[in-house]
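Structures are listed in the sections that come next.
One chain, subunit A, links the two complexes that follow: it is found with subunit B in the first and with subunit C in the second.
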Partner chain A sequence: MTDALLQVSDLTITVPAGEYGADRRPVVSGVNLQIGAGEALGLVGESGSGKSMTARAVMRLFAPGVQATGTVVFDGCEVFAMEDEQLRLLRAHRIAMIFQDPRAHINPVRTVGAFLIEGLCASGVSTRDAERRVTSLLAEVGISDGSRRMAQLPHELSGGLLQRVMIASAVAMDPDLLLADEPTTALDVTTQSEVMAILAQLRTERGLALLFITHDLELAAATCDSTAVMYAGSIVERQSSRQLLTHPYHPYSSGLMVSRPDLDVVRQRLPVIEGQPIAAFEAGEGCAFAPRCGYSQPACLATTPALVAVQGGEVACHRASELQGQLPTAMEGGGDV
Partner chain B sequence: MSWPRFLVKRVLALLVVLLVASLLVYGSLYLAPGGPLSFLVGTRSATPELIAQVTAQYHLNDPFLVRYFTWLADVLHGDLGRSLVYREAVSSLIASRFLTTLLLVVYATVLILLVGLGTGIWAALRRGVAGRVVTGWNAASLSTPAFVLGALLIVVFALGLGWFPVYGSGSGFGDRLWHLTLPAIALALSSAAYLSRISSASITSEMGKEHVETAMSRGLPRKLVVRRHVLRNASIPVITVVGLTIAGLVAGTVVVENVFALDGLGSLLVRAILQRDYAVVQAIVLLLTIVFVLVNLIVDVLYSLVDPRLSLDGDAL
Partner chain C sequence: MSGVATSMDQSSSDRPPRRAPWWRRVGIAPLCAIVILAVMILAAVFAPLVAPYNPNSPDLLAALQGPSAAHPLGTDALGRDTLSRLIYGGRTTLLGPIVVILLSTVLGLLLGVAAAWRGGSIDTVISRIVDVLFSIPGIVFALVTVAILGAGLGSVVIGLTIAYTPYAARVIRGGALRERRMPYISAAWIQGRSGSTIARRHLVPNIRPLILAQAVAALGFAVIDLASMSFLGLGVQPPTPDWGLMVKSGLDSAVRGQPTEVIVASVAIALFVGAVTVLGDRLSTGVNK
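Entry: the complex of A and B
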């Protein structure tokens, strides 16, 4: 499939480590992803698994010192090979990103309105037109008193409102792909579902493709067409969301579902599977999940399982075919789906 | 709160500060060991005439508050009293020297802003070799005291190369500036290095902020991101440092004026203190307080302009 809107192949990202950053350590290794136009892909995994890094790689948004290899092809263009100006236009018009913590991600000393119209104005729209467009966008994301809000400073708005502002600013330029990095994690439960509903609505109305990052496998599966599960910098399973919920192939995916707390319990960023998640550079030989896996066997420690095609998706587990159909899912595990 | 109300409120507060400061300046005379009379007469031979003159000039026989308000009323009418040493009105004694010192401070401020902000911004945005050169330069500048630097500048640029006069204040604006160049450099260098460090650190930390990442992710031109999101936000702590630095320069002039034999307020203050010329000391300290308070007012106004989160009510600070 080369006609996907976004095709990420063999993406490996390293960060500097050691004294003077002389060594490099991988935080993402060998990731393949694809998203078709208008499609939604969920990317799930615990803290440090490399989800944010992967999403930032799509628009080459790296902190100084971070290096990436592999290819990211967006609509036929190789993102890592782009000139700076071409990359800037890609970010301005085609791919937008929303972040987990809108309070930190919006300049605190400029007004909400200045933040919203900034992208439009930088690409030549007059201030007045930009304001008009943004006000109607605010109404679309459920902020009816848009002109009042636009005169306010970010600290005068609640987290939920700010995230709506962030979403409005992201879709203001009519992008083709939206990268949403845990857009609801910092919000309370009610606001979470409101924001998710807004995202879903905007997506269908505008035919937006979506990369949706979350810790919550079932939220991803409920929102997205397909879902990829990441562990220690690699994708360990990818399936259509519906099938993943009922027939997970990987013990980690199963574990993420079973351990999910009830909705009315306050959700916290705690390790929900026994043991601590690890980053890519901490993984040795063999399956990175083995120390925490209830199905681990000596063979699991010998070689690293590769991501192979299975019926309806891909999985990286030596015992996938044996375990198929036996792994607990959300239904049996006491979840709420 | 609106801007006019904010300014009125700040100016009123400023007046209160000045009133308190004047009371302290005036009252400090009475804290001197042995009382004001023996302090004022000091090592001079206490002839009956001198005692009579001092007692009359300072109204030493009146109650304290009466004396204070008499003095304050005089000051408000521009009468700063007479110098015991120079036998001249303090106001005329101060006027010409004030100009020298003011010019020196303004000159040094301009140098500090140009060099400090310039190198700070350059080092933060370029990093690499530029950053290291600036860091080294700053470290050297910060560890050189003004009087050492002043002497060095005189030896090299005045005595050696002969580019600048060795001492004196000159006459006429251009000539004055020329005379004040070396003193201004001596006064400015370490402050410029400090400002360079602070602004560079502030910019570097702002560059790593999440909201800057957002701006970059939206495909805004880098120059716009730097100007609008990095430099503006980074200027908030820098403004404080600039304010404090300028206020501190006023004290720094004392040293530099002595090294370069400039006849300014700083050297006059030192001499007046040594000679117990109290009317002069009072006037200069009062003047410095006014400058200090004004600089603070300007800093506060700049603050509210750059960071609208600090409401004009001033309760956020």
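Entry: the complex of A and C
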């Protein structure tokens, strides 16, 4: 897949740790992923598994002190090697991002309209034209009284409305790739489904590629063409969404699905994945998930499994071939992991 | 998009309950401060219309008088009307500090935002210079510029501007550093805004309340410093009416048995500084809320 729109290869991100930041701790290690034009990839994992770091790395946005190695190639251009101005244009025109908390990510003292037209005006569109385009965009994301909303300040809008504003601003520049960092986590379920519907619609209308980051494996699988599961800074499994829901290869993916409540099954307690999620730097020798895995064997603790191709996807598990077809999913009523 | 557009969020279209009128929310003390400042500034601006006499026309026969119907606040040693001199004196006494604060705030804003925004060696250089300037009292700067440029309002204003810039720069740098880490700033980076655009259009508007509060708080000190310089004979030069000068000449009159002038001028300075302090206090509570 050399013609992918976005190709992330062997991405490792380290943060400084210890006294004077002398040590470096990995938070993302050896991530590979690719997204074709118009394709949607879901990226699922627990808090601290490195999902957001990965998405920000695509934009080359790092907090001070954070270092990244590996390559991110967007449409044939190496993002980490770009000149500043080239990078700015990439961020302004080709890749857009929406966030979990739109309220924190929109300047609180400027009006919604000023926020929305800023990018268009910066690229030479007149204020009047920009306002007209943005108003129709707002209508597209379900805000019919756009001109009134544009005169308001962010705190006057609800979270759901603000997320729509965020989406409108993201697509205003007609990007090729949209990075959605848990866009629905802060929203209630009804608003969540509306926002997902908007994203799906924009994607089909505009041929937008999407990297969708979420905690919710089933939401990702329902929205995206393929889904990657991250654990402790690495991708442990990637395959097409449909197949993942029915035939997970990795015990962790299976565990995530089993621990979800089911509409049809009444349970006193939900099954859980025992233990705590760990960060990449806490993983020792062997499979990072092995200490929590119900299927682990001594061999799992000895060496780190590589991501290998299996039928329809990739998985990083020593026992993938043995366990194939045996891992439970929520749809089968669950079991112990 | 019709399927999506049908369900609209209603929560934010409800208007918030009517707020109390602004003069209620401001509070009684800040309101008094605003009235005092407004009266003083308006009187100074419209001095020719308000003042009963020419502030500089002496009447030696009426020198050193106490309050009377003809001269509500008495006269000074040369028989000039104290009320008229007070009204005209507001011009230099208030204009000087306002210019000092405007200039030092603009300079402090440039330095503070540059230090916080660029960080690294630029921050180190600016912060160290600011630290050094901090160690020297403001009045010393004014004395040095007077020594170089000669006595007068202009040289004192230049000296005090240099003295006040570090205060503004430090406060603004702190606010900008805090604001720089906000998510909306990284969001602006991600949207491909240039660094200068983000600093100018996103960062500065968000620290505007802080800048205003700091400027008003510093204004009180600037009034005292400028009046002190005039009192010492290094700032505004006689016969121009000025509150600091009036305190000085009033002291002489007081020795000769007529304390009205020194009392009036001192009270005017104290009232102005007090009003500015109360207002600055109110503004900074608003900032910290």
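Everything that follows uses one rule, which is that the second predicted complex is superposed on the first by the 321 of 337 C-alpha atoms of A that agree within 3 Å, B and C clash if a C-alpha of one lies under 4 Å from a C-alpha of the other, contacts with A are read in each partner's own complex, and residues count from 1 in each chain.
The rule is short, and it goes like this: a contact is a pair of C-beta atoms (placed from the backbone, for glycine too) under 8 Å apart; a residue touches a chain by one contact, two chains touch by 3 or more.
All values reported here derive from a predicted model rather than from experimental measurement.
Annotation: superposed three-chain arrangement on subunit A; subunit B versus subunit C shows a clash. In the superposition on chain A, A:Arg88 makes contact with both subunit B and subunit C. Judged by the number of subunit A residues each one touches, C leads among subunit B and subunit C. Legend: residue contacts after superposition of the two complexes on their common chain; A:Leu61 is shown touching both subunit B and subunit C.
By the touch criterion defined above, A:Ser144 reaches subunit C but does not reach subunit B. Of the two partner chains placed around the shared chain by superposition, subunit C is the only one that A:Leu161 touches, whereas subunit B remains out of contact. When both complexes are overlaid on chain A, the residue A:Thr191 reaches subunit C alone and has no touch with subunit B. In the superposed model, A:Leu153 makes contact with subunit B only, not with subunit C.
Here subunit B runs into subunit C after the superposition, and of 22-30, 58-66 or 238-246 the stretch doing so is 238-246. Overlap of the subunit B and subunit C interfaces on subunit A comprises residues 59, 61, 88-93, 96-97, 99, 101, 104-110, 118-119, 122, 169, 173. The residues of subunit A lying in touch with subunit B in their complex are 59, 61, 63, 87-93, 96-97, 99, 101, 104-111, 118-119, 122, 153, 155, 169, 173.
Contacts from subunit C toward subunit A in the complex involve residues 1, 3-9, 11-12, 119, 182-184, 186-194, 197, 201-202, 205-206, 208. Remark: subunit A residues 59, 61, 64, 88-93, 96-97, 99, 101, 104-110, 118-119, 122, 139-144, 152, 156-158, 160-161, 169, 173, 190-191, 194, 197-198, 201 touch subunit C in the complex.
Subunit B meets subunit A in the complex at residues 208-211, 213-221, 224, 228-229, 232-233, 236, 306-309.
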